Amino acid sequence: MNFFETQHLTKAFGGLIAVNDVSFQVVKGEIHGLIGPNGSGKTTVFNLINGYYPITSGKILFEGHELNGLPTWKICKLGIGRTFQVVKPLRRMTVLENVMCSAFNLTTRRDVAKEKSLEVLEFCELSKKQDFQAKGLTIGDRKRLEIARALATGPRLLLLDETMAGLTPQEQAEGVKLIRKIRDAGITIIIVEHIMQVIMNICDRILCINYGQEIAGGTPAEVANNQAVIEAYLGKE
Amino acid sequence: MKPNHWSKLIIVLFLAIFPLIVPSDYYRHIFILALMWVVIGSSWNLLAGYTGQVSFGHAAFFGVGAYTAGLCVTKLHISAWWGMLLAGPVCMVVAFFIGCVCFRLRGPYFNLATLAIAEIFRLTAIVWRDLTEGMQGILIMRTFRNKTYYYYFALILAAACIYAIYRVIRSKWGYYFVAIREDQDAAESMGISSFRYKTFSLLISSFFTGLAGAFYMNYMGFIDPEVVFSLYFISIMAILVAIIGGAGTIWGPAVGAFIMVLLQETFRSSFFGLFPKWVSQAHVLVFGLLVIFVIRYMTNGIVGDWIKVQRLWSKNKEQPLASTGS
Amino acid sequence: MDVFIQTMVSGILIGGIYALVGLGMTLIMGVMRIINLAHGQLMMVAMYITFVLYEYFNIDPYFSLLVSMPALFLLGVLIQKYLLNPLLRIESIIPQNQILMTVGVAMVLTEVMRFIFQSDYKSVKTPYSSAVLYISSIAFNFPMLIAFGIAMLLTAGLFFFLLKTDTGKSVRATAQNKDAALLLGVNAEWITQLTYGLGAALAAAAGTLLLPIYYLYPDVGGPFTLKAFIITVLGGLGSTVGAIMGGLVLGVAESLGATYISMALKDAVGMVIFVLVLVFMPGGLKTLTKV
């Protein structure tokens, strides 16, 4: 049994096929990259895994469970956390309260949830901002908050959607550190990222899609040297 | 609002002994109504202010509660006080089905659906004469002549309601409610079933609104569909009470209830007879102007915009930036 | 059978006027994404204007369209400009504060009219108010027939405006995508004012046309506000063609309800249809036709 896999995953929005027959496997404990030019369907893949959109055809399997048709919140409870590319902070709650909402997945007690959240904030280096209203955070902190919130649900698989877009190089370096730390804590990661340095650096394996179709897959080195990938990114000569 | 503990204590003490120090039944009546509105406003606030589901149809629950109590007398031939026990559960059942219909919808669609459902209840109550006596309404004998009993009853109801909501808000449910208000999609991805928790919020809200309705039947001794299912004077009034006080705050609706009821009564009685009679005709006009004013200048209400309110009083003086809400 | 045809005819005729009400509401809904809970009250104000013109100046209700529509257009623009648009810049816990504002406007309009005219029922009885045209055995109420005709003309005019003029195109662009419209240099603020004004003017037309066959009192607005959004939802929020269909459907449904169920249940019929549509066909009638 694979830890996580999709089989012939397809999603059509009316006539537009945003994800077309994508099959891939994720091994427990790895960081799996998902890359592709803008609009190639990466976020849509996440939205399918996460149950935000219904699947047109195909299958998603997580630890042997079929996820098709499950509501988003149940998928989260099964152990899949995600962040949003366009961040969705709970604006009029503090950072701590944001994370507590997630932590309540594991407990109904407020003090336990708070303790757990403080741990997660510490882990994500957000402790200093814990009493800030989420709407007042900088973009870097908002992205961190997304990660913290996803972590606090206690996921075994984490989906990160462009968590480093729009960050300064220094923030990016810290982000990479954080992602490694998460992996070291035993959480499997699927990561969507545009910044090639980052992706090539931290991923164990990478899947590249374009126009919703997979065009290459393998180790970072293999993908980087793949003709189809280069064409997709640079355009045909 | 963070009044110090002294002022809170004084308010509680004042409310506790109010009917004893104020001999006028008229003022007791006003306070009883205000306390009833504390219950309705707080209930609405739980669903709308905290959970973000803005209901334009709370009259449905108020009316069902009131009719539950009324029907105890006319159909079951038992005391209308049994209605206080039955109204809560009955409203929760009604609310459950309303929730199944309305929570499939978001935003303006949800607002419209709640409004329409309340209107359907009103029309049904008018037309189903065999059950409700239609427009003739239900008239029952009141138990007590002395308003003091009703006053304490209302006070306990209001206190219980605020306390219950306070406890809910500080629990896991409360966090989930606010999460859904802030961003439903984010909440779902954090493992929160928005449908389930919206329903919980609605059930609690309808429970207390129903109790208020049953109390109204007992206290006033008369109801008819146009009164208890009224769009403006129940559903919209509930919204105003909460908004003027401060939606999404614990004490806001309580403050709003007293302001709204006192203001309404002041105008209805032409400033207690001090002003010429025509002023009383303008009380709904004032109500409307107040809505406009509050929404334009104090969207987060007196409690929510407490800092702004304080600035009004002490012009130019720098106010410490306390956090809003309580 | 005759009863049935008669019922359908009255339903369709009144449906034409409802279509005007629904069109105004739909425009506002489409562009501003809000429910205008003052819609029926705007209609009511127009009815009082018509009433005054007839009672004191002896102006025929159909001519007073020329006064009531511009007057309500202006009122609508002012409401949008000074009461609704400023709310966009305020963050509040309750995101529906624009809708609540329209509730306040509705109450103020109703009470001001009550203050001036008292709560008495008023009506405008023209010589032709009860004139009836018979075609075989089916009766066509004359003022209703005229009202239907004018309503159709106004609808055609509106479509011409929306489809053929530049301003109309800007309105449609804004309804489709506010941000994109802004990028294209559409003056969104002015478009919203124009839209609310137009919506109010259409409501005014409906009110004025209805007056000779209806009666008038300050609270008449409430029921029409309800009807307005039943129509809008029936039509699939924001669809103009749908609004016309919705108006006709509501007119016919009410008429059938009144004839075959009971006069008292007439309004409930609309409400029930409304909830059924909301639940089972959130896209409204247009999902059936794929317009």
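As written, the chains take the letters A, B and C, and residue 1 is the first residue of each chain.
To be clear about the criterion, contacts are C-beta pairs under 8 Å (C-beta built on N, C-alpha and C of every residue); 3 or more make two chains touch, one makes a residue touch a chain.
Here the structure is a predicted model, which is why all the values come from computation and not from measurement.
Across the structure, the highest number of inter-chain C-beta contacts is found for B-C. Centrality by Cα centroid goes to chain B. Compared with chain A, the chain whose C-alpha mean position is the greatest distance off is C.
For the pair chain A and chain C, the distance between mean C-alpha positions equals 48 Å.
The geometric centre of chain B is 31 Å away from that of chain C, both derived from CA atoms.
With centres taken as mean Cα positions, chain B sits 43 Å from chain A.
Contacts with at least two other chains are made by residues 92 of chain A. Taken residue by residue, chain B touches two or more other chains at 248, whereas all remaining positions touch fewer.
Within chain C, residues 93 each touch two or more of the remaining chains. Those residues of chain B whose C-beta lies close enough to touch chain C in the complex are 48-49, 52, 54, 101, 104-105, 107-109, 111-113, 116-117, 119-120, 123-124, 126-127, 181, 231-232, 236, 239, 243, 247-248, 281-282, 284-285, 287-292, 295-296, 299-300, 304. Every residue of chain A that touches chain B in the complex is listed here, in rising order: 50, 52, 71-74, 76-77, 81-82, 84, 88-93, 97, 100-102, 104-105, 108, 110, 113, 149-150, 153. Considering their complex, residues 170-172, 175-176, 178-179, 182-183, 185-194, 248 of chain B touch chain A.
Of all residues in chain C, those touching chain B in their complex are 29, 33-35, 83, 86-87, 90-97, 99-101, 103-108, 110-112, 114-115, 222, 226, 229-230, 233, 237, 262, 264-265, 267-268, 271-272, 274-275, 278-279, 282.
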